[in-house]
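After the structure tokens below, expect a handful of questions from me.
Labels run A, B, C and D following the written order; every chain starts at residue 1.
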Amino acid sequence: MDTLTASDLIDFLEMLSEEMPQHKDRLRELDAQIGDGDLGITIAIGMKAIEEGLAQLEDEDPGMILAKSGMNFNREAASTFGAIFATALMSAGKHIEGKAEVKVSDLPEMVEAAASGVSARGGAKPGEKTILDVLLPMAERLAQEAAAKATMSEAAEAAHETCREALEATKQMEAKHGRGGWLKEKSVGIEDPGSTAICLMVECFARFVAEQTD
Amino acid sequence: MDTLTASDLIDFLEMLSEEMPQHKDRLRELDAQIGDGDLGITIAIGMKAIEEGLAQLEDEDPGMILAKSGMNFNREAASTFGAIFATALMSAGKHIEGKAEVKVSDLPEMVEAAASGVSARGGAKPGEKTILDVLLPMAERLAQEAAAKATMSEAAEAAHETCREALEATKQMEAKHGRGGWLKEKSVGIEDPGSTAICLMVECFARFVAEQTD
Amino acid sequence: MKKLINDPYEFVDETIEGVLLAHPDHLRRCEGSKRALMRADGPIEGKVGIVTGGGSGHIPVFLGYVGPGLCDAVSIGNVFSSPSTDDMLAATKAVDTGAGVLHLYGNYSGDVMNFGMAAEMAEMDGIEVATALARDDVSSAPVEEMDSRRAVAGLFFAYKIAGARAEEGAGLEEVMEAAESAIFNTRSMGVALSPCTIPAAGEPTFTLGENEMEIGMGIHGEPGVRRGEIRPADEVVDEILGHVIADLPFESGDEVAVLVNSLGATPPEELYVMFRRIHAVLDEAGLTIDSAFIGEYATSLEMAGASISLLKLDDDLKRLLHAEAYSPMLPPLGS
Amino acid sequence: MKKLINDPYEFVDETIEGVLLAHPDHLRRCEGSKRALMRADGPIEGKVGIVTGGGSGHIPVFLGYVGPGLCDAVSIGNVFSSPSTDDMLAATKAVDTGAGVLHLYGNYSGDVMNFGMAAEMAEMDGIEVATALARDDVSSAPVEEMDSRRAVAGLFFAYKIAGARAEEGAGLEEVMEAAESAIFNTRSMGVALSPCTIPAAGEPTFTLGENEMEIGMGIHGEPGVRRGEIRPADEVVDEILGHVIADLPFESGDEVAVLVNSLGATPPEELYVMFRRIHAVLDEAGLTIDSAFIGEYATSLEMAGASISLLKLDDDLKRLLHAEAYSPMLPPLGS
């Protein structure tokens, strides 16, 4: 598998929306430590909304599938994460507007577009314990992979590895946004729940690509 | 000790109001099983009111001391038990109106007067799991004791013995009045909390008389 | 026991102090009594006085129902215990202007005995006293023994209706009849999910298992009709309404007011989830809903649970139910 | 989790259904949205529309504050989560009659982002939108970082005041200024004694030890200023008021409105015990109490705890605070 077609993307989103709700309790507990504990529910409801929306997206191109899935998520599970995640998917989707498939070389810019969108929407800067802190390192790593002509599977695996390291690094950061921001220094030591969710998605993506490639 | 003077009665009420609050938890738990669990608090507050009222009763005769103590109890700890207990003390007190001391021969009629007052106030009949079910047997037993020329100490001891047996017998009765009445057959098996309180008072009285007699 | 209180034995008096400080234009003490309160603008010359009262721990019952179109005075007992005869008498004397006084309260033996003594004493003072006892809890005794039934949140309807009738200038007999009409046409039943703790007791009055509820439990933890595993709201509503509807009975074509009351800890959201089902069940039974009262009308400290009351309306009751009334402690006055 | 609910995932929609069935003359759905409600008699021609919204679980916040003299529409999120951009947009469109729309809600990032997107989209549709964010919780950030503070029950004052100003016929700018004046003069702080459980989560968001309380905790369990052993009500009031008074600061001679809010399980009696002490402390500080609002104004499901809010009044705020307003879900409207 070297590119992702619209139908690949739909298959992946189906797999993702099956898997993510299984992490509900873990995300709930994490968010309860640093926020209000709803992230697990947000993910469960939002992913269900993505899944239910897929049937209507069969004739769309990959960019539109991403953007509309983001909107579907936030329609049913609006929240900080919902708005941020929708913005990320819309920005990434917009970046590949009109294209029939996603190549490895598209990935770094898509993730970077997502990060810019998120930053514009929520005003966060790197190091403030938000999903930016996993998105930006991933964009960088994907740029290296693309430059090295990695396969989709290698790129996804690499992104996941970087994401996990970056997630680990969020532990040391002090939250400045959302509910975590009220915790100030007490937010140090706990990984950013939103970033955990992103990491779980990337992990799922890597597994999806690997399975498709076998 | 063959008779109770006004000052004996005040000494006894002082001892009683010291001791009864110690049974607060036991009475609370009993009343919680068959009612609303406030009887322990009622007794604690009411006995404190009796104690605080005693200073004003030093120039009164025994009948007035009993009647006013009953009113003091129910003023601060009004409740079913409060109204019933006040009625009992007022009726008993009225029976010895004007007398300077209480003799053993007065006791049976005093307790009987109390029982009549209670029955008139609350409409209970014997066997309906109320304090009538310990008052009436005590009145009977005291009549026997008086006829047998018992001492005050013997009479008090005998009354306590009868009271405990009568209390035990209330376990088998089905409550018809107050909160216990709503339990119907489920009230069987538990002793009547109001009667327990009366028994504890009679026990205290017996001890008081015994101590005075030594 | 997790409570925002000071000395548990001062709880009731401190509550009353807070109420008087918060609502000084609305309530004041009756002469010579710490535990009897009345309308600040009372007594109302020529109007039948309505005196209520009972144990503390049920706000807005009892003192929240004093005001124009409601009661004129209230006597206040310790938590879940009757007020004293003295305070009831003080309240009765304070609001009588010659038109007589209605004692309107819930059927609990402590209150009945003490109000009874107060009424006897007031009558000796030349005050005409009538009594109406709310007895809406269908779970407390079979309908043939209506006289031994206890009161729960349905007392609200009696306050509202008797209060409006008195405000209209009706005589003591008529006000009592209005109260009794409300009482006889009101049926309630509740469900408890968790207990409450009397501050001076320090421990809950009863316990319910982790997954248990008790249908029909009274507002002081009195026994209900069934204890069992907690069920979905819709099933609980069905079970409660089954008993309530059959009791009067409410019949197809009747028009009713509905009161969904929280015992304290149950949030309004859950009351509305229940109302949704109530609406469906009443619809099915052919009953028309005139109005809905949803909130805290009679609480039990921090108990979790709720009750449903239905009032069968006729034209008089409807007029009186919707008449103006005011108290700063009042829950929403209907839809 | 002991709740009177059905499917936890249907909780919010069933609540809304119940609300609409209970108050059909008062509320209706905005066109094309399940989660946006508006005044049944709206939109009011020529009046600035006020749209609020936020997560569920806080009744009467948010949907209880829709009505004459209050907000015009509300969008409703899942429990403790933001409503969707779509529903906010639907509410905004439904109440605009050309006079513009004020988005008035609490400063939580999910709401801010979604309302922000809705405002952008409404403006693209030619609707003038202004925003006012309640930020009354002094425990959430130092006063220099007021913009990052969250909202608690003090939002009530902003509703009441902006709602009255809009009802007076003021323009969008003026209504926003009234809201901001209320917001800048309101300071609050709370205390939590026990947590609550989001139905779909099934477990409490946080835990507090048997004898613990947390001063300053937010209404979703956000961290406060101090966790410690539970103290007598008077001490808790003193600690909270110490922070609140120093923050504006409220100064001797100021006139204030006081709001004592229960988070849900804390009964009114305890609020009055607190008010007794609040009255003494404010007296001591030379502050005059204009009015007292005591009850459930912003809840957190069945959380136990309370908050105190002070609003410093001037003549305008006083007039607006006491203007008429109505909602069948409203708590008592003051002393």
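Just so it is clear, contacts are C-beta pairs under 8 Å (C-beta built on N, C-alpha and C of every residue); 3 or more make two chains touch, one makes a residue touch a chain.
None of the values given here were measured: they were computed from a predicted structure.
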item: Length of the line joining the C-alpha centres of chain A and chain B, rounded to whole Å; value: 76
item: Whole-Å gap separating chain A and chain C, where each centre is the average of the chain's CA atoms; value: 55
item: Geometric centre distance via CA averages, chain C-chain B, whole Å; value: 33
item: Chain C, residues touching no fewer than two other chains; value: none
item: Residue list for chain B, restricted to those that touch at least two other chains; value: none
item: Arrangement of touching chains [line / ring / star / complete / other]; value: line
item: Which chain pairs touch, all of them; value: A-D, B-C, C-D
item: Interface residues, chain B side, partner chain C - complex; value: 28, 32, 35-38, 40-42, 44-45, 74-84, 87, 121-122, 177-179, 181-183, 186
item: Residue ranges of chain D in contact with chain A within the complex; value: 9, 77-87, 108-110, 113-114, 116-117, 140-141, 148, 150, 198, 200-201, 203, 205-206, 218, 220-223
item: Chain C-touching residues of chain D, taken from the complex the two chains share; value: 2-7, 11, 14-19, 21-26, 56-57, 59-60, 64, 191, 193-194, 211, 213, 230, 232-234, 236, 264-276, 279, 292, 294-296, 299, 301-302, 304-306, 327-335
